[in-house]
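Shared between the two complexes below is chain A, which pairs with chain B and chain C, respectively.
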Partner chain A sequence: MADSFIIETDELRKNYGPVEAVRGLNLQVPAGSICGFLGRNGAGKTTTIKVLLGMARPTSGHVRVFGLAAEAQQASVDIRRRTGFVSDDKDLYGYMTVEEMVRFTAAFFPRWRADLQQRYLRTFELPLDRKVKALSGGMRTKLALLLALCRGAELLILDEPTSGLDPAMNEEVLRALVAHVASEEMTIFFSSHQIAEVDQIADRVVIIHRGRTVVTGALEDLRENFRRIQLVFDGEAPEPALRAPGIERVWRQGRVLTILSSAGAERILDEARPLNPVSVDVVPVTLKEIFLETVLTED
Partner chain B sequence: MLLRPNPSSGVPIYLQLMEQVKHAIETGALRPGEQLPGIRPLAEELVINPNTVAKAYRELEHEGVIELRHGAGAFVSGNARAQKLTDKFRAGQTIVAAAVERLRARRVTEEEIRRLFEAELAGLSKRGANDG
Partner chain C sequence: MLWYKSWLETRWRFVIGLGLLMLSAASTVVVYPQVVKLLPMASNVDLSGEIGRRVAESVELSRDYRGYVWSQWFRQNMTQLWTLFAVLLGTGGLLAQSAGGGALFTLSLPVSRNRLLGVRAATGLAELLVLAFIPSLLIAVLSPTVGQTYGAGNTLVHGACMFIGGAVFFSLAFLLSTVFSDVWRPLLIVLCVAIMLALSGHVFPDLARYSLFRVMSAEVYFRGGGLPCLVLTASTAVSVAMLYAATRNIARQDF
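And then the complex of A and B:
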């Protein structure tokens, strides 16, 4: 496995008793990227994150983080030392004040970044003397994120970092993540239900469905390669035997033939032109459409 | 300069940025020698991935539209390439204006004109059906 990948999994499987939570996951997250991890509820996102952090042992397959095998005891300690993790329940001590919580956490990390701490306390507008248990959901999220950002980690793993945030706070958090990646040697892997935010800040995307990778790659490549092609015919649309690569789906409806391609439109158009369509439209496919197409299919 | 890519449109963001920078040069909003925002501040301002901004700048440099100077940032090329963009655009504007004028005279609506242009650009409209 190449070490330019911060996270790499190969045919990762994780069973809980008879339940196959993850069943063949292939991840490759390059250094310096922001990778969005999409999937429906129960698709295996949280299980995957637990395995990456060494909090759950894979049933089979390989997991490497920083090139270290996550299933090995010592390596997983090392991985967690170098990784900032924010769980979806934002584990914090409710009886501490914000200031105490920050000071308490900082004591554990020799590479703690006091400069970033000052910056994020300011931009996130966190009330220093308020008890953590009295914080709103959005404030808790921002505090948890601050604690993860300031510890000098090389990798941030975030489980739905923006859930419960209002749109303004959401943008603020995304901006902080973008700024962080731009200024530090840092890789971010985050799960999300917000396709729009993955669209906005990620450069890599992984879509997991029923424990398997269904789409993975550079987001700009997906945008460049996915196309919806609509052909209109004079009479009933033909049932063409297309051999072009990357045909994901074909729909026929009356005079209209629609093709979803993951490999551009040209080859398909070359094959479709002899069928004499009266009109041809090629439109980009959004990440949301890609997501819905891949997770709403039966298997 | 107005740089505002739409991340959810399905069009690669770096291509949108490239188009918007070129358009700013075409219209004269950006002139040869002028500086573009840095990769990091621009990524932060637009809240998009810094690697995406970097890719747009690299491609624009490759096309000779901008120059990346180490440590100093990105600048609109002082060479003929940037000037040519402006000239080409101005000349094109004249041709398009004339075509739109003629279509309007035939009572073709704005929406229809837009669709005609799009179909023509897609290279799929029937040839030889041009108006005489």
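And then the complex of A and C:
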């Protein structure tokens, strides 16, 4: 496995009894990237994250973070020492005050960033003397984010970091994340349902469905390569046997034949021209469409 | 800081336990003059059966202050209350926190699960140690107020037996808390076990000599038989085995 990947999984499987939560997941997250981890509910995102952090043990396959085997106990401790984490539930210790929570967490991380702590306490307007259980959901998310960002970590793993936030707070949190990454050298791996926010801050995307990777790559490459090709015919659209690479989905509706390609349009157009379409339309595809099309195709 | 976290999680159970035990210890001493006054009347009461035998035994023991303290405090009030708080302090922990208690946050810290559990167990045992000694030492301190004396050495021996014998209940609750994700099932199961152990001594008198409560109250020591080293060692071994099983159990859990 190459050293340039901070996270790497190879045929990762995780079963909970008879339920297959992750089914042969292959994942590669390069160092320094902001990788959005997309998938429907129950796709296996949270399970994958738990395996990366040693909270759940893989049934089979290999998982390496910083080149260390995540399933090994001591290696897992070392991984967590270099990783900031925000869980999807944002559960912290309700009986501690914000100040106690910060002091408690700082004690475990030798590279704790006191300067960032002060900055984020101010930016997020967190009341130091308030008990965590008395914080609103948004404030708790901000505190969880502060506790992750100040660890001096090389990797941030965020599980639905903005879930349950109102749009204004959502924007505030995303801005804080982007500003943080701009000033620190780190890798971010975050799961989300919000395709718009992945589009906004990620440079790489992994889409998983039913425990398997269905799309992975740099967001720019995906934007460049994914195309929707619409061919209109005089009569009923034909059922062509296209052999061009990257055909994700083909569907016919009356006179219209639509093709979703993940490898550009040229090769497909070369094959389609002999069918004599009366019009050809090639349009770029948004991340949302890529997500929906790949996930729906798999269904 | 894990110690601090464990302390915050258990402090109210500990403080309430300490308060109740100190109150119970103080009242045991304070009512002794009234008990002495009532003793002549007790000899006229004719009770038969097991209850009668136990009342008569208590009356006899109460004629001497050391016997009274052992009978009322070490054998009865303290054993019952201490067992309850041993079970309460043994419940909870990582699995119970998996629903809304920050378990994932804890597991994201660079700390092994063994250490998490070790600190949690050590905190609970340290609190139990305080509950075993401080209220009993209060008896030694308060006894002069009713014109009696009670040796601090005695309280230390009884406290040690209470702690070592009763740690079995703590360890069982601790182990069950790594099996069940709520606090109620471990609590109820261990309390049921404790009640059954207490009843078995009455139902099968021949088994009473092996009772854990007899170890906790240091009855053999009180009756001049020395320290029950073998039984105390066995209790310690059982506790250690259950705590070890708890760490193994948590190590293989998925959260």
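Points to keep in mind about this one:
The working rule: the second predicted complex is superposed on the first by the 296 of 299 C-alpha atoms of A that agree within 3 Å, B and C clash if a C-alpha of one lies under 4 Å from a C-alpha of the other, contacts with A are read in each partner's own complex, and residues count from 1 in each chain.
To be clear about the criterion, a contact is a pair of C-beta atoms (placed from the backbone, for glycine too) under 8 Å apart; a residue touches a chain by one contact, two chains touch by 3 or more.
Please read these numbers as outputs of a predicted model, since none were measured by experiment.
Using the contact criterion defined above for the overlaid structures, shared-chain residue A:R80 touches chain C, although it does not reach chain B.
In the superposed model, A:A31 makes contact with neither chain B nor chain C. Once the two complexes are overlaid on the shared chain, A:A56 sits against chain C while remaining clear of chain B. By the touch criterion defined above, A:A69 reaches neither chain B nor chain C.
By the touch criterion defined above, A:V232 reaches neither chain B nor chain C. Shared-chain residue A:L242: touches no atom of chain B or chain C. Of the two partner chains, chain B is the only one touched by A:A182; chain C is not.
Of the two partner chains placed by superposition, only chain B is touched by A:E289; chain C is not. Contacts of A:A107 after superposition: chain C is touched, whereas chain B is not reached. On the chain C side of its complex with chain A, the touching residues are 1, 4-5, 8-9, 100-105, 107-113, 251-252, 254-255.
Interface of chain A with chain B (complex): residues 32-34, 171, 174-175, 178-179, 181-183, 195-196, 199-203, 220, 223-224, 226, 279-289. Interface residues of chain B, counted against chain A in their complex, comprise 7-15, 39-40, 43-44, 47-52, 55, 119, 122, 124.
Of all residues in chain A, only 16, 50, 53-57, 73-74, 77-78, 80-81, 83, 85, 87, 89, 91-96, 100, 103-105, 107-109, 144, 147 touch chain C in the complex they form.
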